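Have a look at the structure below, then the notes.
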Amino acid sequence: MIIVMKPRAKQESIDRIKSIIEEKGLFAHISAGHEVTIIGVVGDKAKLMDQNLAIYEEVDKIVDVTESYKLANKKFHPDPTIVNVGNVTIGGDTMVIMSGPCAVESRQQLLATAHAIKKAGAHILRGGAYKPRTSPYAFQGLEEEGLSYMKEARDETGLPVVCEVTSLDAIESAVKYVDMLQIGARNMQNFYLLKEAGKTGLPVLLKRGLSATIDEWLNAAEYIIAAGNPNVVLCERGIRTFETATRNTLDISSVPVIKAKSHLPIIVDPSHATGVRAYVKSLSMAAVAAGADGLMIETHPDPSIALSDGPQSLSFDQFEELTEELRPLVSIMGKRL
Amino acid sequence: MIIVMKPRAKQESIDRIKSIIEEKGLFAHISAGHEVTIIGVVGDKAKLMDQNLAIYEEVDKIVDVTESYKLANKKFHPDPTIVNVGNVTIGGDTMVIMSGPCAVESRQQLLATAHAIKKAGAHILRGGAYKPRTSPYAFQGLEEEGLSYMKEARDETGLPVVCEVTSLDAIESAVKYVDMLQIGARNMQNFYLLKEAGKTGLPVLLKRGLSATIDEWLNAAEYIIAAGNPNVVLCERGIRTFETATRNTLDISSVPVIKAKSHLPIIVDPSHATGVRAYVKSLSMAAVAAGADGLMIETHPDPSIALSDGPQSLSFDQFEELTEELRPLVSIMGKRL
Amino acid sequence: MIIVMKPRAKQESIDRIKSIIEEKGLFAHISAGHEVTIIGVVGDKAKLMDQNLAIYEEVDKIVDVTESYKLANKKFHPDPTIVNVGNVTIGGDTMVIMSGPCAVESRQQLLATAHAIKKAGAHILRGGAYKPRTSPYAFQGLEEEGLSYMKEARDETGLPVVCEVTSLDAIESAVKYVDMLQIGARNMQNFYLLKEAGKTGLPVLLKRGLSATIDEWLNAAEYIIAAGNPNVVLCERGIRTFETATRNTLDISSVPVIKAKSHLPIIVDPSHATGVRAYVKSLSMAAVAAGADGLMIETHPDPSIALSDGPQSLSFDQFEELTEELRPLVSIMGKRL
Amino acid sequence: MIIVMKPRAKQESIDRIKSIIEEKGLFAHISAGHEVTIIGVVGDKAKLMDQNLAIYEEVDKIVDVTESYKLANKKFHPDPTIVNVGNVTIGGDTMVIMSGPCAVESRQQLLATAHAIKKAGAHILRGGAYKPRTSPYAFQGLEEEGLSYMKEARDETGLPVVCEVTSLDAIESAVKYVDMLQIGARNMQNFYLLKEAGKTGLPVLLKRGLSATIDEWLNAAEYIIAAGNPNVVLCERGIRTFETATRNTLDISSVPVIKAKSHLPIIVDPSHATGVRAYVKSLSMAAVAAGADGLMIETHPDPSIALSDGPQSLSFDQFEELTEELRPLVSIMGKRL
């Protein structure tokens, strides 16, 4: 931590900061420049957590030099994390494809989808049973009934299943049926939920919040890991910007940035990122080429009547076409599909 | 709802949309322009909820002409809502000042603050017992112990109290101690929490999400009202933008926009909006002048050692100075403090 | 300037940075922390401008501790700047109201407007003769003919006039007719134009760019002042965010932030910030209460047929009503209208 | 164009709008719904340009159903445009690589770079002679001297050259030396410059503005084409968002969106998009996989002493490594490098 003083700060202001730091058992390193004096804090900055140095007289700003996340930080854990979901490994040499409907609507819809995506080469079945919807009047999900269909689909196809949870109730139900919990974008900073998901020990797919910085995203992962659960997979799904041609703006840079800052695997969801079916293929290709560990792609037996997110869902034929087109690219990237 | 077809769409594409609309018992009004044909849907669009018209052939886009929120919509409820919190009314002719520490840290800190803000003219005591913090290593709140101090402060001063809730557990504890529940910015689209808060019947202070549009915010209010609880007060607390000179960007326009679109009261939180104590007074003045129904302002006996948000908290003297400066402005606005 | 090294950086990496700094005649102050080493640079950092320290081995990041703008910086010029435009002073105790049509459309339209706004209490007439429009097919302005009407309006009413310039040609024409040049939001980083506007010596109204940070805005002002022209007035007119209820998002916080960082006057343009006539009054009130030095408000004899920005323009009656409502507030703020 | 009336609008309000439309020789198609009435305008909406229907009584909103750009619109020009720059074609089956320094610093620097990038397989040399810099104290470019080195580099290597222009003066000089003009992000809505660049007839590389929507970008292209110059190449270089881990946020979705909406070629500049050298390779791969027609990548003989944008520039070795890694991907995409 560095404290930058205002230009020509009085010596007594500098001394006051210095003494606060030293009282906490830390060391203050003073650099008196020709315009400003900066004070470097040497030692464990957690000891200063109850001091708001920013509001002392003549303090201009505080600059943090270390990240607040530790367990999710590549600096301290340089080896890539590999997460096992059933018999599938994420973060290794498989380009993991998760697919399925936005919302589980019926047993028939889900089973048909599970078989179709398996045939096309997908590894994990996704499906929402608890749907966070902007309007209270939109379809809210089948809840536990939906989870039971997920389990049935897994039993029939062998594909592990992932399902979003939105409350402690949902977690308590989900652990009985699914292989991986998903924390959705709107709950990325629902810290209560993160801790509860962490306690289950199940692998967690953590979607990036609509307006979350990469730092905040890794801090959210830190909540899960700190609860004793290192099995976290990140999922970039677009951030909110001024552009309206797509529903969100896929931050493709997050893939190399996460690879530089963290050891956690990262997958990309081009369906939610764009909200437009026609753009899903281009962005899937881009994500793989950028170095992602996998993709999450929405599919539906008949997107024209999907109860949620139909406009961005692929039909089974379109999904199969996509996986075919991905194969040579995945191969170039040194992975297999 | 309007369906805009692509230029020179074939008649059969237009007919397909028309017949889907009519099959649902609605009426399709065709306008054939020289470039594009548009189809107006007459009737209850909820009947089309399970149809994704956007993905039919030659459909260019779908335009919604009505808002999805109804109960929070001024078009259908033109009279302003007045919310009672204990003996305080929000949305009437009182400019309601809520104040208190970001986090309840101790009995002594809270009681001292309660007395100080009451003396300066505040109407409601705020204080966080469940703190959503970016890092798991930051102070997370005193939880139920904090709530009990809130109740004690109310009993001593007569000020109603408001406290953020972040889970069903927190709600179940809070209803025993507080007069108003707060849903924080990070949980604005935690729809599960909104429904549970709605069920309590207690007035709810609903903060705007960091990246929530005004439409999404009113839809979040709709969740609470639809759960049977019309006592919702909105709180603008800044949105996330590219600007870093302030912690968030106070969207002051939200005050007149909410007044035009909804009947719910709206207050402004300049402390969280800027994150900088020195800007709180200017923005409090601006909020009152823009037509807000109240303010929420953080105060602390000694901001330099606050466990949360110290840099934006006012000391008691600064808070008293602020309320004094607000008085003539409040009077001009036809309200009283 | 502070160089933050990566955790456990090798001594030779640290020494390399140290020697580069010292070769340039500066002093490197080393702070070896328990996790990271930081290097403070003491001396004139301009000497390091041709060195990209960020890309040396084991450098984590570079932190600037001083602003790059000097002439626009309150730290070095603590007294507020007062800008004279004809007989009007901006930044003193007058709340300066600039008003007029978005675009000069005809002699008659402009003269009628000039008389009406003068009667209502405005101080400066605005009007665009060179219109930067998103589409090439929209009305582009009357150019020099428009400027001549501006001059005529000034001669008739005594109101100084301000006009946007968009090219060197426009500047060369404008200096013959107007009292103040305006640099519009889209040209805020048209550095060529800033330098040329600076050379004229005329006062310059510098609008904030749609996505400009406050730091970039002050750097743009620095271009004008560095060209020898200290007469710069800043104008906040809304920034681009995700919110679509208003055309832009008025960053009301920019008023106190500019007052804290710079000595330049700042006015607010609520018309462009919202794009909606109904919100102009609330935001005008907010701007005055936040401490702005003036307002710029669009007016038109008949907004329903304005060639540009009609939806946000006030009629003469509405404008007069606005100035009447502003008077008691301006008085409270210690200014006069 | 569609006019949406407020709920339960009076018949006379609807009639007023209808008669305005019909007076202009257009046809008004009324759709009276159970909540709202919508009015479709049939005919050439340009005839309504001088009418601001939005501000008439009981009008709720105006919805445009057609884009304002025509010449850049794929709907009216379905075949892809191919732009010739010297002997290089952009938009065909070559993945065009533009490379070179951010700023031309010296004859030697530029010639060395030109030879190195040619050897590695680049097709076009880029180099800035007029540099738009945030601070007036940063290096502003060699201007005409820089252009002459560009020409010399072309004569020596045969590579066509592209250079940014920031004023009419710069255009007048540049046409004597370069093969393609670049309009930079900060000047994307400098409409005067767009028109002047259009008049030269030289191919124009149009970078996207920091906060420009895709619609505004295509309208900017429309300015150039409407000036008689169809040779426009778009360049995505990142937009401004709240994320600070990268300098800008590369909007990779813009590639498929532009391909869907326009016939113009699009290239991607990962160097400016991220500002970080380490991320350039991943994003180059992503851009090619997303379907871009080319890349613009900054290179420098010694990035550690580059006068501009060193941290994002590749060394010659890094650039050669990049082109080698791109080859198999380019081949999969059906193009050649």
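In order of appearance the chains are A, B, C and D, and numbering begins at 1 in each one.
The rule we apply is simple: a contact is a pair of C-beta atoms (placed from the backbone, for glycine too) under 8 Å apart; a residue touches a chain by one contact, two chains touch by 3 or more.
Bear in mind that the values here come from a model prediction, so they are computed numbers and not experimental data.
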Set of chains adjacent to chain C and to chain D: A, B
Distance-maximising chain from chain D - centres being C-alpha averages: B
Intercentroid distance (Cα basis), chain D paired with chain A, Å: 31
Length of the line joining the C-alpha centres of chain A and chain C, rounded to whole Å: 38
Multi-chain contact residues (two or more partners), chain D: 211, 240-242, 244
List of chain A residues in touch with chain B within their complex: 46, 49-52, 54-56, 68-69, 130, 132-140, 166-170, 186-187, 189-193, 209-211, 216, 219, 222-223, 226, 240, 277, 303-307, 310-311
Partner chain A, residues of chain D touching it in the complex: 211, 213-215, 239, 241-246, 249-257, 259-261, 273-274, 278-279, 282-283, 285-291, 328-329, 332
List of chain C residues in touch with chain A within their complex: 2, 4, 6-7, 29, 31-36, 38, 40-44, 60-61, 63, 65-66, 75-76, 240-242, 244
